[in-house]
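Letters A, B and C mark the chains as written, and numbering starts fresh at 1 in each.
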Amino acid sequence: MSLAEEFTPVEDDEPDAQARPEELRLLEALLFAAGEPLDEKALADRMPSGTDLRTALRRLQTEYAPRGVNLVRIGNKWAFRTANDLAWLLTHEAIQPKKLSRAALETLAIIAYHQPVTRAEIEEIRGISGAKGTLDVLLEIGWIRPRGRRKAPGRPITYSTNEAFLSHFGLESLTDLPGLDELKGAGLFDGSLPAGFNVPMPSDDPALREDEEPLEEGDLDLTLAPRSDGEEEE
Amino acid sequence: MTDTGSAEIVALAAEPERAADEPALIVDVEGFEGPLDLLLRLAREQKVDLAKISILALADQYLTFIEEARRLRLELAADYLVMAAWLAYLKSRLLLPEPPGGPGESAADLANALALRLQRLEAIRLAAKRLLERPQLGRDVFQRGAPEPINEIKRPQWSATLYDLLTAYARERQKQALARVRLTTRKVWSLADARAILERLVEVATEWTAIDQYLIEYVVEPSMRATALASSLAASLEMAREGQLELQQATAFAPLYMRRRSAPVPDGTVGQS
Amino acid sequence: MSLAEEFTPVEDDEPDAQARPEELRLLEALLFAAGEPLDEKALADRMPSGTDLRTALRRLQTEYAPRGVNLVRIGNKWAFRTANDLAWLLTHEAIQPKKLSRAALETLAIIAYHQPVTRAEIEEIRGISGAKGTLDVLLEIGWIRPRGRRKAPGRPITYSTNEAFLSHFGLESLTDLPGLDELKGAGLFDGSLPAGFNVPMPSDDPALREDEEPLEEGDLDLTLAPRSDGEEEE
């Protein structure tokens, strides 16, 4: 049963209701029910003759100004619209399940295990150039962050994963990522690995390493710039 | 319901002015909503409260109507005929003295049940009428003419799992690991490479020179030594055969010396082993 | 040039505007913007947490009661509607409603007052067979719905009205059905009806009754199948 059943309009709440001119009732009904904004002629035609439309519209606009619905003029026409400041109320966030591209997943995995890692290093491990688009995707999703610059020619940016990454993949810390033996045990690597093949022990220690230096101001803007679609690797 | 039942009957009776062998009409499409509806209209003729109606009189009226319809060769829907049979039965029960302790309901009970059915149908018709008199949406009251649609912001939810991540990592690393092994096996000195280098070397080797020294200068990686030596030996033998250089080696595994041959000699002096 | 250009809302006209809670602005914006009635859950979801929805809806209903646009409750939902007495003004917006046949109207009334009800029960009250075509018409209009099956031989489908019905006839709930009390008082709705039919009050409570069981998959398709024209009763 609904909470509304006990509702009965409380009459004494609006002492001025009686004093409100009938024209205002008519105008608000007309403007509410209309499928499109109405011009003054259309309104005048439908209102009782002798109505002072100017005054009535003005009073109605004033009445509604502080409300969640305003009476607005659009061109030469009038319409009710929800108040501008309430646009947020009329937006609905729909969750859209999306699959990460294979390139993005591989790049993310390399960052997770090899962090801090530069774009060139990712490309070397993957044996494919063009990691920029993928990095931008991952930055946009918010699972990686630029954390510093490598002390090397070109001072490339180093990337690491962040807390959102841990949270999404249900990891307490990067040390929870399985090592080579566990990956082998899970059947993810087959037997034909060369001698000396290794999987790094990832660390998300925020302290910069010896071969890293901090990002400068402006670096973040740069790396978060909207990616150009042409570069995207999907 | 503007017409009275009898008016309907008159209309019905007057309507089919056609040859007797023409297909008959079905009465209920002529304005009656079934036998109860017909009974209700006939009851109105009695102009009394439905609760006090004479069921006997009503049964008579109904049966008369049915007979009239038959006389006019109107085809009646089965519902009407079933009702006629039932009313004829009820009438006979009502007219005969009730057998004491007879089976089932008394005739009066049956008549009352019929009266109740008629009242119920009338009540529901009244309710329908009053429902229809209510203000209706789109006719009397209106909803917002220009609703403002809710903006949908699509928020992606990424479906990657840890398993996906690990699989991707293993796949990527394995692929590269195997690719690198192939790359190193390709790192050999081909005979052509060796010969090109030797041809450049013999330009300066006018005196006996240990070939190893030159080669090590060129071959930085120790892992390449074997292939470099093998290929250059084969290339140098080839070049000696062509008379471009001379080779000499003191004993097995001793350094191999070579020098450019100044002038062609008919009989090759390929080094003694 | 429009008269509207010179309009600037007159602040001193509404001294109470400042005192009006923000919740009312949000609620009226939501309800005004929506084309369809909104249920209390949807409203609560959009309102700031801690909002007393009961009080806010009640106050809004009171505020709008004397206006040309009223806040009405439809089942568990709320919507703004033009005031009942202004039909004469809004003839432009009126759409010619499809005239319901007498059979369809009676069937609708039987379902409304006796729900949940089966086809056989409808035919019994009307004293005529062939309710199928009429039910199909009502299902197509969208005022009734199959809601379950009666636990009885043949397991017939039970029908009830739905929210669109309430909305169309401006009913807050089924207890507002006109004449319900008189009809009930006259004992007409619980006379010699078939077993399991003596329903004290019509109810569209979605919970099935003791003598009902849920519809199965496919039942809906069946009942909503396009009606064959031959069976149509108009």
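In this section, a residue touches a chain if its C-beta (ideal position, glycine included) is under 8 Å from a C-beta of that chain, and two chains touch if they have at least 3 such contacts.
Quick caveat: nothing in here was measured; it's all calculated off a predicted structure.
**Student:** Of all the chains, which has the CA centre nearest the overall CA centre?
**Tutor:** B
**Student:** Taking each chain's centre as the mean of its C-alpha atoms, give the chain farthest from chain C.
**Tutor:** A
**Student:** Between chain A and chain C, what is the gap in Å from one C-alpha centre to the other?
**Tutor:** From the centre of chain A to the centre of chain C is 37 Å.
**Student:** Would you kindly tell me how far, in whole Å, the mean C-alpha position of chain B lies from that of chain A?
**Tutor:** Comparing mean C-alpha positions, chain B is 28 Å from chain A.
**Student:** For chain B versus chain C, what separation do you get between their C-alpha means, in angstrom?
**Tutor:** 31
**Student:** Going by the touch rule set out above, which residues of chain A reach two or more other chains?
**Tutor:** 29, 32-35, 80, 82, 90, in rising order.
**Student:** For chain B, write out the residues touching at least two other chains, lowest number first.
**Tutor:** 142-145, 148-150, in rising order.
**Student:** Considering the complex alone, what residue numbers of chain B touch chain A?
**Tutor:** Going by the criterion above, the answer is residues 142-146, 148-162, 164-181.
**Student:** For chain A, which residues count as touching chain B in their complex?
**Tutor:** Those in contact with chain B are residues 29, 32-37, 79-82, 87, 90-100, 102, 105-106, 108-110, 112-113, 125-127, 141, 168-171, 177-178, 183, 186, 188-190, 192-194, 197, 199.
**Student:** Which bits of chain A are touching chain C when the two form their complex?
**Tutor:** Touching chain C: residues 2-5, 7, 9-11, 13-14, 17-18, 20, 24-30, 32-35, 40, 46, 53-54, 57-59, 61-63, 65-69, 73, 76, 78, 80, 82-83, 86, 89-90 of chain A.
**Student:** If we count contacts the way the header does, which residues on chain B are in touch with chain C in the complex?
**Tutor:** That would be residues 28, 33-37, 39, 79, 83, 113, 116-117, 119-121, 123-128, 130-145, 147-150 of chain B.
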